[in-house]
């Protein structure tokens, strides 16, 4: 092979080597794309799982109660002052419960049924109504429409969760005959064929356990539980309503895959809710309580307002402490401090401080602020101070980086026209570094906003029923609230937690957008 | 001059000075005697003694690292900002040693302006770029006065006609050559007696360079100008006096004509003719 | 002097110098040959001298072209600048010397047998110091020696003396035999040409001196033989 062949564009050996190199390029590109896909998939999964959960918590069911505001019950003698009325849960609750009993008189006879029916309405859910009436005493004695959230288990049931509900088709009913003891026999040609088939397949699938499953047949406001069935006839235990509703109807059939004992809602409750729905007293509305209510033992009444306000107060304290301290420290270290071993040591330690696990700051805060300085527990003040400790190394590091990035030519230019050190720093360097400093500060704050561990240690995990009014009030913050809610047993907390997570993410997103906005607005090129 | 100088205000731009220096050089504006500069233990400048005549351009030439920029920065005490840097010897300006403890570098720098290699306008408006110096030194009595100073400085820097309609535009929006003239205007605005230029054209294209050189020639009639340059052609074009530095020593100082046609020292000759040093 | 960092620059300067020295050699031969043609009444040789002048002009043009190129591309400074400037001027002087030699050659063809050998020998006698001066000054140019150049510049008077004596000699011939006036005038012009060549040599010496030292010889007082 001659020299020119070796240098040719079509030299075989060279082309082979080239192929290997191209393949390596392609492999690397593929790995990079794979990594991005994995990361995006993880993000998408997070967003989808949290998002769908949160979406179900975004709306909830409320029930309307048309009541007469009887002065004797809501404003009895000696307790008729507005503040008494606003706290008279028992009076309003009693009126609402009576309205339910009026709708479902069959429950009145059996105490256990009475209690079960009363569970439809959570006692504390009447508080907003009580407050409204207290504020407008002229309403007393008149008709009033009380709207309160449905019990969380029933709410979940209506959202199609928690009971394993399956719809089955039922044909036209020719006749409905009421028997003794509240039993109803429905007849219709092949009306129950589908039900029988479905039950047969369930039996094949689940074995004898299928016999214990409930089948509810609903027509209008009347619902009965199936006790005996053939293709043409069915006998129902009437749970609510009467036999006349089934006459000449096409009722809806529901089979529940979960046995009654395994559900949080009984057949009877389901029957009542379906009846209320049929009466048009149940409606699905946006769950504004998430943003306007405070924490509660009942998921349908709980909201994140206290945590949001607590978080904002805490952030305010953090911002007012960490940003000035951090920025001033950074300006001093970067612009004024002599470069020697002491400042080197300080720099190393600031970097170390930024790497200290956050829970350690919690311990420090508990020891210093609570035990030594005797500050109030669970207060945004203390939380803010602890988070400030956590944040200001980040602020210092970011600010120093921003100050370092200011080109020396600007300093030299200012120096050459006779500016003093202070004038150089505050007329030229700091304004130029401001976007970077702000970015660092906001990112540090965003980190603080998401911190949970240190706040647990200073008692911000306590149950807080009231919106904090000052940094000294008891309070909690969003991430801690999320942590507490996720520990609760009831299934209804799951979507609520997810909703709170979404609120936290939105706040973080807002802060990050602020960073982007400030950068694009104030960043200057030189 | 347009005679808008306000009565009572300081004659900040030195308008009272006669215009043309002609070919004769002015009196020595700066007199350096046995100047030594140390960076830590390293001696960067060895016993340099030279004078800088008023109303003339003195060029400092020499290979990289020869100490010419260091020496230039001694003249307005920019070296103060470097911790390890120490200046010995006398640099006399009007009989005062500028390195004396009781000479404030801030005041010194209002009398000795400086222009840098890379145009470094402040990221502010054109107006504020010029007005910054007079403001911090308190040279202007009110807005009108400030407007006058800005206009005069820009006129002297040959930039007025190009920017008079957009004084509020950012200084960084100008072209490289305009930015450098803006920096010169900024230096002029505090009415210095001396203007130091550290390779003012090294970042500019030939046309912008020619404009700056024309400007330097114009400014020579009023100021003592010291320019450090790597371009010997530039030194030859703009200066009246040339000093050649090598390894921290002042090798030769003389009239530019003489240095570039008939240098006395072999090291100078080798450097300016491009031979092995 | 050490080499330039850009070696091509040194090569270009050396080539200019070499071309000038070569041109000087040709011109020196032209003087020699033209004067020999006069003294031996060799018409062919005189014609050959005239023909060679075109070559000298070509070399001069080539040197000028090189100089323009170096100035444009290298911006010579200091010694290089002086070298370039003096090369330009020396080339011009040499070209003038070539013209004067050609003129001698032309006039040599106009002489006839009426001119006595004594008259012819006068020219040859005068040509000797002229050639010496030219050779010396070319040596000084090639070596860059200011001393030799200064010597050449100082010894121009000898040629003037020769010219004056030749002039007086011619006058006696004219008075003895007025018929010789026609050719004698040619002889006088030739002598005048040689005297002019001597002047050009001192000019070259001045440029060599300027190139070597940066100073101007012409501002100094030239020693005059009469004053010695």
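For clarity, chains are labelled A, B and C in written order, and residue numbers in each chain start from 1.
Here is the rule we go by: a residue touches a chain if its C-beta (ideal position, glycine included) is under 8 Å from a C-beta of that chain, and two chains touch if they have at least 3 such contacts.
Not measured: the values here are computed from a predicted model.
Taken pairwise by the contact criterion, the protein chains link up end to end in a single open path, with no chain closing the loop. For the pairs B-C and A-B, the count of C-beta pairs in contact is higher at A-B. Averaged Cα coordinates give chain A a centre that lies 108 Å from the centre of chain C. Centroids of chain B and chain C (each the mean of its C-alpha atoms) stand 51 Å apart. Averaged C-alpha coordinates put the centre of chain A at 66 Å from the centre of chain B.
On the chain B side of its complex with chain C, the touching residues are 232-233, 236, 259-263, 268-270, 272-276.
If you check the complex, the residues on chain A that touch chain B are 338-339, 407, 409-410, 412-420, 423, 427-428, 432, 524-526. Chain B contributes residues 76, 78, 81, 83, 106-110, 113-116, 118, 120-123, 132-133, 136-137, 170, 172, 183, 186-187, 189-190 to its touches with chain A in the complex. Within the complex formed with chain B, the chain C residues making contact are 1-6, 9, 75-82, 213-215.
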